[in-house]
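Please read the structure below before turning to the comments.
Which chain is which? They are A, B and C, in the order written, and residues in each are numbered from 1.
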Amino acid sequence: MSRLKHASAALFMLLALLVLTAGCGGKPAGDAARAKSLTFSWSKDIGDLNPHLYSPSQMFAQAMVYEPLVKYAEGGKIEPCLAESWTVSADGREYTFKLRRGVKFSDGSAFDAKAAKKNFDAVLANAQRHQWLDLVNQIQDTEAVDEYTLKVVFKNAYYPALQELSLIRPLRFLGPAGFPDSGKTSEGIKKPIGTGPWVLSEYKKGEYAVFTRNEHYWGAKPKLEKVTVKVIPDGESRVLAFEKGEIDLIFGSGTISLDSFKQLRDSNKYGTMISGPMSTRTLAVNSNRGPTRDLRVRRALQHGFNKQAVIDGVFLGTEKKADTLFSPNFPYCDLGLKPLEYSVEKAGALLDEAGWIKPAGKEFREKDGVPLELELCFDSTNNIQKAVAEVMQGDLKKIGVSLKLVGEESQSYNQRQKDGNFHLIFSDTWGAPYDPHSLVSSMRVPSHADYQAQSGLPMKADIDRKIGEVLLTTDEKARRELYSQILGTLHDQAVYLPVSYQTNMAVYHKNVSGVTFSPQVNEIPLDGIDKT
Amino acid sequence: MKSKPLLKVDNLQVRIAVPGGVVRVLNGVSFQIRAGKVLGLLGESGCGKTVTCLSLAGLFNGPGITVSGNVELNGRSMMDLPAEKMRSVRGRELAMIMQNPMSAFNPLVTVGRHFTETIRSHSPATGREAWQTAMEYLRRAGLPDSGRVMEQYPFQLSGGMLQRVMVAIAMSMRPSVLLADEPTTSLDATLRAQILGQIAHLLRDFKTGALIVSHDLGVIARLADKVAVMYCGYIVEMASVAELFDRPLHPYTRALLSSRAGIKKKRLTPVGGQPPSLLNLGDSCPFFERCAEVERACLNYRMEPEILPGGRMVRCAGYGASKGKVLRGLA
Amino acid sequence: MVRYVFMRLAGLVPVLLGISLVTFILVRLVPCDPAEVYLRLSQIPPTPEMVASVRADLGLDRPLYAQYLDWLWKAAHLDFGVSFATKQPVLAEITRCFPATLQLTLASMALVLLVSLPAGILAALYKDSIFDQFSRLLAFLGASVPNFWLGFLLIYLFSLKLDLLPVLGRGTPAHLALPAATLALSYAATYTRLLRTSMLDCMSADFVLYARARGLRERLVLGRHVLKNALLPVTTAFGMSIGHMLAGSVIVENVFAWPGVGRLCVYSIFNRDYPVIQCYALIMAVIFVTCNLVVDMAYRFLDPRIRLGGGRQ
């Protein structure tokens, strides 16, 4: 018996020891009561905060610490940021930026043309990684003309240059002390030193990150002194943590389920806000495959789908109905395109015209003995896509179209977008500042669902050519005309089935004020938030 | 002059209540055991021999079980004794040897520990004292290499050795009465003789009374002074060993011993037919159906015991009213 | 004994080799290129040129056997490469996350023991009583209630309504309570019933009757004779659960934002992060084999029949 006693005693002590070291887990130092501090959550860890690279760094965090030359404001307006003013040469190829004076990095070193150029060089050295961004492909050279003047020369006149310079990554500025000895930020950085209103002060990987206010910030200092970001992967847990008071703010699209949002809103205990349209949730309809090759079938799908029901039933009124690919408030998108409204009769008539007739006693239309069957592919982990797909399936059944729902795991679903292996597939737009020019640009690339969907159009080559032109032309009027043609054609050809304009949402405790939305969908505007 | 009985059992009845009625396991079992005397309990399996042992030790209990009657050990009544008192009697004044030595020991506990825990449960001995006592009794039970035996685990010893250990444990407590349930059934012939010899020896040395339960005539013959034959929970005949083998009175006993070649027969001849079910057993003679000597009187017979000269007892209609049978048997 | 342990551990080598090969192949059979996945995570459109350049970076453009042998050679030197997604050394990532999972698992195990031992014993001793029925109901619930639902329920009850514990995260022992309880419940349910059955089996055994016949105190009978024997099968089953628990903490880690290795593994699978998956598979293999070994040795330690080989005199 003593053997067993000794063994169990030892085991017990071991267990006790390990349980007690629970206290050695991390906990953010400091108390909310002492500093003006806000806590919110993110589903992933913030990453290594390298301004010139991508995953695993999270964009909202990069935006807190690093700043661009110019900012993207409401409606696509470009505003000065680290560059006070700029001039563009007549041929549109040279941009001369006058940099803001007196700006310091968070370690006290000065921001000047030399530091700016160092950043540009590091990004260009890794140009291969940034191929996707035409801006980087178009930059020919940069020059530090004097201490506060930076010149950027492009290979061609590239009109979205300023929009793309405002992006969160890759062209924001790291302090020289943060560069590795080799100068190559593609290998990593020493410290996240930026000019932005926030500085990373504490970081426990996988658990939380703490940002403190940059006391030497050149602009309007944030009202909050401290921001803590906790890593909470699960949406329901996030809601519970919020209700308990462990986080002050829920921000973003899809961070909590729509049901939870409704429940929080209806409780009247918290503040809630919904933004304007950020991007478009749309389906891409494949003009190069199966029954959707026929324009009449594609237009019939548009008429046969009751979008308002989806807005009310699935989105619970948090998003607005979309009838065009881009929301009219985006640059060049206010084109007055006529929506294809919900009309079962029109849909039926179009299908009849296309030769798809409903045989007596059968549920679905047929042509030459083949039933009208379409596949709608969606991401099985995305509940919203699933819900929309189910409504559509019901609607299309009413006009005699059999819609098969194919839900797959994220990566396989993405594969289908690439291969064109779909009749209909979800394919959202990218939001500001990418819309419309970056998305339109990507329509030329075969590995995108947009290209695949449009590949059956007789005028596809023409569309691509026009896209190439619109990105390079310096004439504002010509640009407008080209966009009108491109987007008009796509609209008439019904290769997109827009569903709703995605919005951002925010939920916060009553003691939090100043919550707004940034025009850039990946930014969280913490600067204006206050807490009592 | 007879000494006072160590164990006095008077009309012991055991009933089990089941959904179908009442199972009458023991029906008025009565006997006495005196110092240095051995009573053998003989019968087929299922007749109630083991239940007798267990209920004497207070180990036959559970939902629906009723034990009534009177049991006196050393002049003290055992019925309605509080659990703790009963526990202290068990193993000390009343010791038991089980049927299957291989399964009676805990495989995870050493033999020595089995022994010392028993000693220390009944006396304030220290570990060392208990150890010494245990070793001594093992030697007396025929295990000279007692030190090594103590350190073995049960699976490392043979059945015979474990049986000896059980005997040693039982006797080390100097019990007044030993209850032995089929003491050598699972052993082979040579071993059997040895161990029976040892048991007999120890019983005599310590003047312990014993109840030996067996279906083996040889065992009964070797150890017992008196024999009680059991059938369906009744003691149907009780006599000294010599008398029983020489002149069995009850038809059942006669049938059991019938085609044997002297006392050397090892097994009882199974009697034709089956014993009746004990469920809702009536008061009439349970051997009625299988008896070769039924008479009219059997129909009214209610199992009253018939005491005969010489301390013999028999429960049979044939020895009641018609004295003729009795005289016939004894003539 | 030492030789025995050594031989068993030596058996680990072919097991690990086999597992590494199988994982290597299986993970590459899953559709979707890690390079593309990385690009999507970075919100970069995966054009063929981008994909090709990322593939070269990740070393995926080399022939398969070259990739495997290179990985194997480095792994033998405990260099498991760099995560595709985070660009950090894999072993560092896993060892960073492991203590949290280990802590959660140990706390759960402690809870399981604390609950199921007394509950199982009492259920056996008071068979068919209210307590026994209640424990049967709890066992049923524990086995059928899904982990995440239970987790949310516990948070709602103890954290929101009663305000006794924090909702999630890791920090103080209070943070450990709910996740450990959630993970422990289904195991506790199973072991309670297992112990009960085991004890009932023992209580009707011959040696228990003999122990009582010898007049041992009831406490001694229950402790030394019944419980000791009853615990044997439960102990070995429990040992096997450790590996199971370590691997199965994923859901609990997700619900409670517990920074453990289960979460890391699931992310890696979704992100096609081959180096992390391969290293994780190896580590779990080592853990399972070790658990197996520890259980076997415990059995030898506890059961003399195995330890001494059942030799007769």
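Here, contacts are C-beta pairs under 8 Å (C-beta built on N, C-alpha and C of every residue); 3 or more make two chains touch, one makes a residue touch a chain.
Keep in mind it's a predicted model, so treat the numbers as computed, not measured.
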Furthest chain, CA centroid comparison against subunit B: A
Chain occupying the most central position, where position means C-alpha average: C
Chain centre separation (subunit B, subunit C; CA means) in Å: 55
Averaged-CA centre spacing for the pair subunit B and subunit A, given as whole angstrom: 90
Gap in Å, rounded to a whole number, between the CA centres of subunit C and subunit A: 37
Junction residues of subunit C - those touching two or more other chains: 224, 228, 302
Contact set on subunit C toward subunit B in their complex: 205-207, 209-218, 220, 224-225, 228-229, 232, 302-305, 308, 310-313
Subunit C residues within the subunit A interface of the complex: 31-32, 36-51, 53-54, 85-87, 96-97, 100, 102-103, 106-107, 109-110, 152, 155-156, 159-160, 163, 166-173, 175-176, 224, 228, 254-257, 259, 263, 270, 272, 301-302
Touch list for subunit B against partner subunit C, complex: 57, 59, 83, 87-92, 95-96, 98, 100, 103-109, 114, 117-118, 121-122, 152-153, 155-158, 161, 169
Parts of subunit A lying in touch with subunit C, wherever the complex brings them together: 1, 3-4, 7, 15-16, 18-23, 25-27, 47-48, 53-56, 59, 128-129, 131-132, 188, 205-208, 230-234, 236-237, 240-241, 243-244, 246, 409-412, 414-415, 418, 442, 445-448
